[in-house]
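Take a look at the structures listed below.
Shared between the two complexes below is chain A, which pairs with chain B and chain C, respectively.
What follows is the complex of A and B.
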């Protein structure tokens, strides 16, 4: 398996890229401007595409180059474009009603990363994989997941929710590239297209929300309770 | 030997052709006709697949398609509910004249929703299964938001966000399952249910259980198990009634099939007690939440949505107890629930249109104004609470019986108490609707229900009565068989 025989250079490259993706998610946590979120997400997607490509190179999985290219194209360019267009159409530039200040949400994010590391370490111990890149990959995967959820919880704008979901998906992609690079490429391709479909569905619904419900903030969606 | 590939191809092509035709012709009457025709054909095909159902799991089409007895059963439930909902949709949508210009879109969405549900149970690759489930969410979210009122859009939005976030967890679980397999089968192997079961014994307990919990929470969100159920009452109550019936009667079963398949992987790994208990606990919480919310509910369809939550809890407990008896009970429960819940949603849709309100406090003296359809609705309510002589009584009692023999007999008592609570609360609402105050002057219902509105209720009612009085021996054998082979 790839994770067992990686050279030191490859290991440090993957670690660097994985941590870079994690740091970019903190950029999203630390800002309330929706445009910054989208740019950070796009950058994160490009980083993940770079991870795919370098794993394809070091692990000799040629199909990963295609995944990398598609990932950069769809996640790194098309999705951010679609979300930015949505931001412009809705005339919402920033998150107006965050529950916490950026500093507090970043602190919470840091706590989540520590928690993820603990879970990943425990899994690593049970698999006899301590000190392996897999632990780092799992940590990033779980952290991005939890940070994505945190973004969805703390923010109420519909677009922030979409972005939170995209961060979660990015985390899964990042982790799966490192721990299961041999996973059938077909599946990853379909998931990329699935993501595009779901973002378009979200886009349509957000526009309906604005025109029919008069709000795009989840705090305005209070009609259905109990 | 039946050619399953041809049957399945037909199963997918017929609704697809119907959708294309509906969108091309753009006429409401053609939409009604094409959707009904497609539903009839689909029902026939699912029945054929069920009857010819393999004694063992059949894998075809280059490992992508899997037909198992349980899968064929879930597919049959989809066929039944799709047919009933298509008949009812004709009657119901004719009561909404303002939607008439967009009616072809509604029928296309309904057929599309059915199509996605006909794909998912047949997927041999858990990843593709996940994608199929994701597509059911996207299509049905537009069905929920079809009426374009603020509430509908809000419900559709919550549905899409909550379920997508939940399903993302399930995807992580699937990847971790795959990772567990790479330790024995090498870095690249075909992702199939069978391979995951084969490799499970070699996967460390922590990883296996962790992956299972992720898929349980993920697909549990889609099933609507509490505490991930928050989208369910909104989505089920705001969509048009035929769509609600399909969401509740067909879709939830499919997600549960996924959970059961992942459960079988953990079972194959030899760590069944913890995972079964986890499923049971979610089932118990669902029953408790459903019970408490039914007591103080006022929206007719919201109450039915919480009742779906209750029945998914019962099903989760049936599968969670494990063992042949509880399993047979759960399978029987699936079809009984699909039929009864469809009937209930149709009845609720009729009354909502008649009294022009979603609220049960406005639906007054239903038996005086609608002696026949109101009466069938009342009988359906008795059935849905699990009272004899209807099918759900038999299946619930079988699940309880199986539970006593299981490793978690405590849950049987909790389940019994909560079922009694729900029975009382549910019928109390019906008591108010039948013997409560008179309608305010000028608010008496005047709507005439057509045969299209009542026929599907009867079509659902007759089998639940028959299945309650007589559990066919062939079905029992089939369930035992389904339990013995891989799901």
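What follows is the complex of A and C.
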């Protein structure tokens, strides 16, 4: 729960940043181009870093500045760089494999936002969350997670799967930053190294996939099963 | 007495400044393309020329053909009475209709132009009308959702209340709900004022939507239709700026001086939005027909997000 009280302007700022992160995930859902997906992910990470920093400022948690710098460095710069390098080496520019058109998937995403708002509201009632910002953070967290899942379900390109995973993780991180701001810095370090490992491992897997199966779409993998 | 004068002045502002806005946008578009461009007063001369031409009427036309331009023109003169153009306080006739009523009258004008397109039985008119209806199906729900969203925000159906709330409370102005409504409305604005992601700027029959409906018109009736479409653009800019984006700079007292100042502010801020539209027209390419729903789905999404954010 939010341990400190927020002024109205800070509340507006936090909700603005949280919702900005949500909108950036819709950019990923609505665009065909993998580069746009990566840029949107990078921007989303920077927004989340800004959330960390401003919570550190308003709530007087000095260690959150370090976390903000770390997320800007790793999530906002290193991971997008790695994924972009992967995109360039694989020579895939567009997502050719979505099950739904961008407009339909955006509408589906809007439905998921409404669903997660409903869940967050129920949670807020049962947990006696008096601050609206906590409900908003929960909404954004659930929406980002569901949108990440949606990206992974609707698209079968391996890079989209990596990005889906990263979006889910971003969502969890955003929620935790606002709801439990005093999370130990060590935990954040562990998560960041996890992410770097995930992206590296996925990169190797994807290149292996391309050299052996001749495709980077996970739909081609069904043939290998039985 | 002063209020009645102001009410008339609101309508006159829309009537007289709307060709100027159109001329400014056309001129700036040419400038961006390193051309000379027509004078920004060209639309007035066009109107003058068209009003002095003979009226030609197709043999197949019925009464709809005559009445559509008149209805469209009059509808565009009614809407400025309902919305804050010069003053930020309601004038005597402002409570004739709320924000949804204004939307209804705006749509009534385009509905009659649509009928006129079908009326003569000319193929391009039918094509333009059917495309316009498809766009309407996609855009109207979003427009209504945007109005519902602003209603949730200020707990009132009157545009003046929204103007006051947003001008006075920075918390409401910077709330996510309001920002999403602005974003949704920007996309609607490009669609409804014939800007690029959907409407083409080239007068070429294949791409035409709104122009195709009025290809059969000439002379004074064409002048009325053109003027009505410029007024629609001006009215939508008014709603966008004075209700959503920039609620400041309107006359508070209703004095002559403050109204004059409000006029100057109008010139500046409408010009700024015009420049934004020029930028959109320059950097955007036209979407193909089967991707029309993408910007509108985005706009719908923003409106839904705004309503969700309103609940918090």
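By our rule, the second predicted complex is superposed on the first by the 217 of 226 C-alpha atoms of A that agree within 3 Å, B and C clash if a C-alpha of one lies under 4 Å from a C-alpha of the other, contacts with A are read in each partner's own complex, and residues count from 1 in each chain.
The rule we apply is simple: a residue touches a chain if its C-beta (ideal position, glycine included) is under 8 Å from a C-beta of that chain, and two chains touch if they have at least 3 such contacts.
These figures come from a predicted structure and were not determined experimentally.
Trainee: Answer with clash or fit: chain B and chain C placed together on chain A by superposition.
Mentor: Pair status: fit.
Trainee: Could you tell me if A:73 is touching chain B, chain C, both of them or neither one (first, second, both, neither)?
Mentor: Touch status of A:73: no partner.
Trainee: In this superposition, which partner touches a larger number of chain A residues, chain B or chain C?
Mentor: Larger number of chain A residues touched: B.
Trainee: Which partner chains sit in contact with A:190 here, chain B, chain C, both or neither? Use first/second/both/neither.
Mentor: A:190 contacts chain B only, not chain C.
Trainee: Here's one for you: vertex at chain A, rays to chain B and chain C, all C-alpha centres; what's the angle to the nearest 10 degrees?
Mentor: Apex at chain A; the opening toward chain B and chain C is 150 degrees.
Trainee: If we overlay the two complexes on their shared chain A, which of chain B and chain C does A:126 touch? Say first, second, both or neither.
Mentor: A:126 contacts chain B only, not chain C.
Trainee: Just chain B (first), just chain C (second), both, or neither: which does A:149 touch?
Mentor: first
Trainee: Given the touch rule stated above, what does A:136 touch, chain B (first), chain C (second), both, or neither?
Mentor: In the superposition, A:136 touches chain C alone.
Trainee: After the superposition on A, what does A:214 contact: first (chain B), second (chain C), both or neither?
Mentor: First partner only, chain B.
Trainee: Could you tell me how near the closest CA atoms of chain B and chain C get once both structures are overlaid on the shared chain, in Å?
Mentor: 19
Trainee: Based on the A-chain superposition described above, do chain B and chain C contact any of the same residues on chain A, and if so which?
Mentor: none
Trainee: Please give the residue numbers of chain A that touch chain C in the complex, ascending.
Mentor: Interface residues on the chain A side: 8-9, 11-13, 15-16, 19, 22-23, 26, 30, 101-104, 106-107, 109-110, 113-114, 117, 121, 132, 135-136, 139.
Trainee: For a test of understanding, state which residues of chain C touch chain A in their complex under the given definition.
Mentor: Residues in contact with chain A: 170-171, 174-176, 179-180, 291, 293-294, 296-298, 300-301, 304-305, 308-309, 311-312.
Trainee: How about chain A: which of its residues touch chain B in the complex?
Mentor: Residues of chain A touching chain B: 1-2, 122-123, 126-127, 141, 145, 148-149, 152, 158, 161, 164-165, 168-169, 172, 175-176, 179-184, 187, 190-191, 194, 197-198, 201-202, 204-206, 208-209, 212-214, 221, 223-224, 226.
Trainee: Using the touch definition from the top, list the residues of chain B that touch chain A in their complex.
Mentor: Residues 125, 127-128, 131, 134-135, 138, 141-142, 145, 148-151, 153-158, 160-161, 164-165, 168-169, 171-172, 175, 178-179, 182-183, 186-191, 204-207, 210, 233-234, 237-238, 293, 296-297, 302 of chain B touch chain A in their complex.
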